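Both complexes below contain subunit A, partnered by subunit B and then by subunit C.
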Partner chain A sequence: MTDLNKLKIAEARDLLRKGELTARELTETHIKAVDEADVLNAYIEKTPEIALEQADKADAMIKAGDAPAMAGIPVGIKDLFATKGVHTQACSKILDGFKPEYESTVTQKLWDNGAVMLGKVNMDEFAMGSSNETSYYGPVKNPWRRGDTDTVPGGSSGGSVAAVAGFAAMGATASDTGGSIRQPAAFTGTFGIKPTYGRCSRYGMVAFASSLDQAGTITRDVRDGAIMLEAISGFDSKDSTSVDVAVPNFEAALTGDIRGMKIGIPKEYYLDGMSSELEALWQKGIEWLKAAGAEIVDISLPHTKYALPTYYIVAPAEASSNLARYDGVRYGLRETVEGGGLEDMYEATRAAGFGDEVKRRIMIGTYVLSAGYYDAYYLKAQKVRQLISNDFKEAFKSVDAILTPTAPSAAFAPGEKSDDPLAMYLNDVFTVPASLAGLPGSSVPAGLDEGGLPLGLQVLGKPWDEETVLKVSGVLEEAASFNHEPKVWWR
Partner chain B sequence: MTYIIQGAHDDFEVVIGLEIHAQVTSNAKLFSGAATEFGAEPNAQVSLVDAAMPGMLPTINEECIRQAVRSGIALGAQINKFSKFDRKNYFYADLPQGYQISQFSHPIVGEGVVTVDLEGGKTKEIGVERIHLEQDAGKSMHDQHPQFTYVDLNRSGVALMEIVSKPDMRSPEEAAAYVTKIRTILRYIGSCDGNMEQGSMRADVNVSVRKHGEPFGTRCELKNINSVRFVRQAIEVEARRQVDIIESGGVVDQETRLFDPNKGETRSMRSKEEAHDYRYFPCPDLLPVEFDDDFIEAARESLPELPDAKKNRFMEELGLNDYTAGVLVAEKESADFFEVLVDALAKKAGKDAGKVAVKASNWLTGDLFGALNKASKTITESPVSAAQGADLLALIEDGTISGRIAKDVFEVMFETGKDAEAIVEEKGLKQVSDTGEIEKIIDEVIAANPGQVEQYRGGKDKLIGFFVGQVMKATGGKANPGVVNKLLKPKLDG
Partner chain C sequence: MSNIDKATVAKIARLSRIKIEEDKLEPLAGELNNILGWVEQLEEVNTDNIEPMASVVDAKLRWRTDDVNDGDKQESVLKNAPRAEFGFFAVPKVIE
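Right, the complex of A and B next:
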């Protein structure tokens, strides 16, 4: 069989169960595809031996007839998920050589489900970035190019989306703090879903901003997203913020029936200077849902404009504290100064170990928590965060889901925004509000811009209602019939 | 008595507030499952959470919450059904996370009050501001290698209660009494073992001085004092230092200082300018701690009788005086020993506890405490158990042996751990109460001392003591003194 690596998870699952395909074949094909995609720089650590071992285990599970949905499915793992004995550095130099003695809950659930690890995928350092240009391991290239010009894959889950869009993984784990799943999904024509905060355990996930970080998935379509998300969801007593609610059968939610459902269109998401093609795409999305029987409701989320500034106070504040543990004392990089003391070691280690963007956010975070500034920044941001959350609560009294664009533009060129942090931060303008409110959200590939690059639409749902997000996403996907693939240039 | 520091010109008063750090008695740490036992090999009791490995998350140990609530109730304090954990951010090698998880804005326990016992039976009420839970840090060891500092993380993450007093103390004695009382209460309820030498309890002491009637002066914080005696000394030394500064026209700087018991001085650790900006903010890894009235009630019901209540009972029901009751309740083990002793004795002697309690307390605080003291043993190491003590005292009660013989028997018991009855039997120390036998000896004594008999009969009444002594001597001290007295007088009187 050719092009095994282009199969969707659901298709492969069915073939595996019918015995028409083995996990080993599927995995071998993918190992090759991973090697051929080296130029994308999606993988920063390949684990073919582990993959084959897991594939054989999966084949045994499948033979025994009780294989879970992810059995034998080769996936990429974002570098911030702890994988026992395997490179886990959140793509930072400061964790140089770190291999944990433990497994994150999310990846453990995948292995328990029979999934196959192809390797660890690239990301922005500590998930701080929107273009995957801050990684210690170098930038990731988007399989999608504007003509012959490279584009960024988005971030921070740039390696996850590049691997999936580049057919070098059937799915990938990702994490979203302010849009790190949805924005890169939009840039690469993939489906990304971030569940409700508390749906997936954060145990073993290198922390960026604890109150926002949430694991999720990147897949090539909505059904695959439903399958993979279900596999990594669930309560975990090792994470106090994970919530003990039942995990539904997400795939079963994909009925395609949204008749009578109310979809909110927030007026505040019409930005000045929004490109006409993006606005047109959004309008198309509205028409598609209407055509499928949904009722379109204009809504207001009045505090939307404060979301980005709020996010860039709360997230760096938590990050400045979360990243204090990287001090050169116990693991990772240690830089010492001849004749120097403890303080010198801290300074040298952190100066050498963190990249510019991480340092910038640590400094912002330290500043906003400092005596004399706490009330004006951090405390006020927390209050605004509550108002933003209340906006959504109010809106969800009258609608079942919300439809917006995912990102203000399609993928841009490397270096285009990396010298202008504010322009870079604007990438998250549509995704950040839902992150602050802890809501589930997805990005569905919905069309191409005039340069032939994918654009995504974002679906937001009520807390714990990933089913509606998936259902609406499925309808959009069907209507958009997005069958585009990037031209393979990287082999 | 007011404690006054005399300066060259004025008299000064000292104002003291304490922060007591008490290690919560629990099998596991505050936010991890690692063990907390004292004395383990360095870094043998460290979980991935305690070492702050990437991606590790704290989860609250409910037992620590329960113990904090029990402690709050025991200190008569407000229990907060809603509290929160915050991060206190600072860098140090033995602080793996780069922050300590503590409670800053919403502590688990609010205001309370403790009655401390002062000399001469006086008491004073000292306010408790709050109790909050926090993680302990690890230990830096600077003496293991010429160039490097080693870090032991066994203590990292161990649960501490920080008990913050109000600035209500006005003398080293009051501060010492406060620490002692807090320690006693926590030990009673079992929320902290109070072992100051092993570091399970230590105090930060805030000291300032002022002339009478003036507002509070600038305070200095004396860190990590680990004995009641040092608390007292540190305050004396620091108050004197501050008075000297003021009297010589200087200004006391607000700073953190270290007490050096060897040199008897305090030294500056860091000034206010060098103080950390801890950047407290709510710990996003933990949910607020919330519980209901049932949780509080269950904690209340689990409390034993507290020392003040016990002391009152010892005085009112058992007739002990204030001093003795105070001595007995100071250590839970002594009070427990006493209660077993009294119960066993009352049962054996067939009398009310109230009838035998004073005798029991006298023997315990006199004979047993004396012997333990001499042997440098604690009450829990006593070679004579409470039941054995009761046996001994019962032998006095029923007249088997005299009080004097009992002292000899006790000595043997303390040395050998044998039972009183066995010793009495073995050594033939049984008291002679047989009137016939005693009468015979009296007759012999009278016959042998005609001169003294003459003098007695001539009006020298006091000589009766001589005759009692002679009879006792002749019986090797075993004659029942009551019986001797009763029989001797009529015979002498003729």
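Right, the complex of A and C next:
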């Protein structure tokens, strides 16, 4: 069998169960693929020994029968999930040398399901970025290039998508605060899904903005996303915002039958200056769903344009509080000042440990929460957040799902937006509203732009209705028949 | 509304416990003003009688029985400390 690393999770699962493939073989192939993809800088820590040990365990599980779907499946883990004894730094220098003494619930669930860890994957520092250029470990390269020109993989889950699109993992964990799963998925022709806030435990996930952070997955297709998402979902008493609702069989939702379903098209997502090919792709998506028997409904989400500014108050405010814990006392980096005291140590440690974008956001957050500005900025943003959430509640009275583009453009070149924070923030214009409302959403690869780069369509659903998101995503995937692969240049 | 000058940046940096060199204050003031100027478009939204939204899930915390279910992990807790002594985190001298 050739190209084992190109198998989908569902295909590998079936071969493993039939005894036509071993987890060890599959893992060895992937360890090699990971090494061959070094130039992508997707992995910042490789764990081949752990992978092989887990693969043998998975083989035993499979032999014993009744193995879970993820048994023997090699995956990459975003660097913000705590993995016991293994590098966990959210790609920041301030967590220098940190090796947690505990395991995140999301990764524990994967290991309980027999999955195999290939290593920790790169990301924007503390998940703050949309191009994976803020990582302490350097930028990630997108396997997809515009001709011979490099492009960014999107962010913050840039390592997750590069590993999966570059055939160096069958799936990867990711996290979304304002679009960090869906936007990079769109940039790399992968499938990304962020579930409802509260669906996956945040225990052991390095915190950025706690009211927004939610784990999810990157895979090569919708079915794989359903399988992997189910494995990491579920109530956890260790996370006070985890919600105790049953996890359905997500794969079973992929019936392909959306007849009679109502799909909302929000008019506010037609941006001035939107590229004609993006608009055309969106239109194609509408036609595909119509052809599959869905009813298209024009809807309005009137506060859409205020979502980004709201996000850039709420998220930095929460970050400034969450990141206060990095003080050089209990873990990570410590910088001391000759003859200085404790306060000097805090300031020197944080100056040396945080990158520019993280500093910027901590300072914005500190400012909007400070005396005299709290009401004007933070409280105001929380109220507008309520209005944005209400827009969705209203819309979902008349539709079952919403279809939009995922990102305003295809992947751009490194450095193109890194000098202008506002230009970078605009990448998340279509993804941020659903994050603020805590809704489940996906990005489905739907076509290529004129430069040959992937474009994605976003599907949003009601709270706890990942099944509809997956079902609609599956129909789009089938209709788009996106079977493009990046030309392999990185080996 | 926002007009952040050098002195304000220095104050925010101090509140954030991040040391910022003198020559970085001015450029940072420009960046922060840009971002804050942009978020100020929220002023045009009417939010009269709107409850602020802090969380998308029910904010009421769950209760559990008051029993000891964790602990005795001194070694684990200190394992990642840049400096630990006698079972404590060690920091530079605080009291003269």
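The rule is short, and it goes like this: the second predicted complex is superposed on the first by the 491 of 491 C-alpha atoms of A that agree within 3 Å, B and C clash if a C-alpha of one lies under 4 Å from a C-alpha of the other, contacts with A are read in each partner's own complex, and residues count from 1 in each chain.
Throughout what follows, a contact is a pair of C-beta atoms (placed from the backbone, for glycine too) under 8 Å apart; a residue touches a chain by one contact, two chains touch by 3 or more.
From a predicted model like this one, the values you see are computed outputs, not experimental measurements.
Enquirer: May I ask you to decide whether A:V329 touches subunit B, subunit C, both, or neither, giving the answer as first, second, both or neither?
Expert: both
Enquirer: Touching A:M363 in the superposition: subunit B (first), subunit C (second), both, neither?
Expert: Second partner only, subunit C.
Enquirer: Identify the partner contact of A:L342: answer first if only subunit B is touched, second if only subunit C is, both if each is, neither if none is.
Expert: In the superposition, A:L342 contacts both subunit B and subunit C.
Enquirer: Answer with first, second, both or neither: which of subunit B and subunit C does A:S240 touch in the superposed model?
Expert: Touch status of A:S240: both partners.
Enquirer: Touch test for A:S104: subunit B only (first), subunit C only (second), both, or neither?
Expert: Touch status of A:S104: first partner only.
Enquirer: Looking at A:R202 after the superposition, I want to know if it touches subunit B, subunit C, both of them or none. Which is it: first, second, both, neither?
Expert: Only subunit B; A:R202 stays clear of subunit C.
Enquirer: Under the stated touch criterion, which partner chain does A:A90 make contact with: subunit B (first), subunit C (second), both, or neither?
Expert: first
Enquirer: Let me test your reading of the model: by the given contact rule, A:L229 touches which partner, first (subunit B), second (subunit C), both or neither?
Expert: Neither partner.
Enquirer: Given the superposition on chain A, which partner contacts more residues in subunit A: subunit B or subunit C?
Expert: When the residues of subunit A touched by each partner are counted, C comes out ahead.
Enquirer: So, A:L16: does it touch subunit B (first), subunit C (second), both, or neither?
Expert: neither
Enquirer: Kindly list the residues of subunit A that each of subunit B and subunit C touches, one partner per complex.
Expert: Subunit A residues touching both partners: 98, 100-102, 211, 237, 240-241, 320, 324, 327, 329-331, 342, 346, 366, 370.
Enquirer: In the complex formed with subunit A, which residues of subunit C make contact?
Expert: Going by the criterion above, the answer is residues 1, 4, 9, 12-13, 15-20, 28, 31-32, 34-36, 38-43, 45, 47, 50-57, 61-62, 64, 73, 76-77, 79-83, 89, 91-94.
Enquirer: Under the stated contact criterion, what part of subunit A meets subunit C in this complex?
Expert: Residue list for subunit A touching subunit C: 97-102, 197-198, 211, 237, 240-241, 243, 303, 306, 309-310, 312-313, 320, 324, 327-334, 336, 340-348, 350-351, 354, 359-360, 362-364, 366-367, 370, 376-377, 379-387, 389, 421-422, 437-438, 463.
Enquirer: Which bits of subunit A are touching subunit B when the two form their complex?
Expert: Going through subunit A, the ones touching subunit B are 80-82, 88, 90, 95, 98, 100-102, 104, 202-207, 209-211, 237-241, 317-318, 320-321, 323-325, 327, 329-331, 342, 346, 366, 369-371, 374, 378.
Enquirer: For the complex, give me every residue of subunit B touching subunit A.
Expert: Going through subunit B, the ones touching subunit A are 48, 51-60, 87, 89, 91-93, 96-99, 149, 151, 277, 279-281, 284-287.
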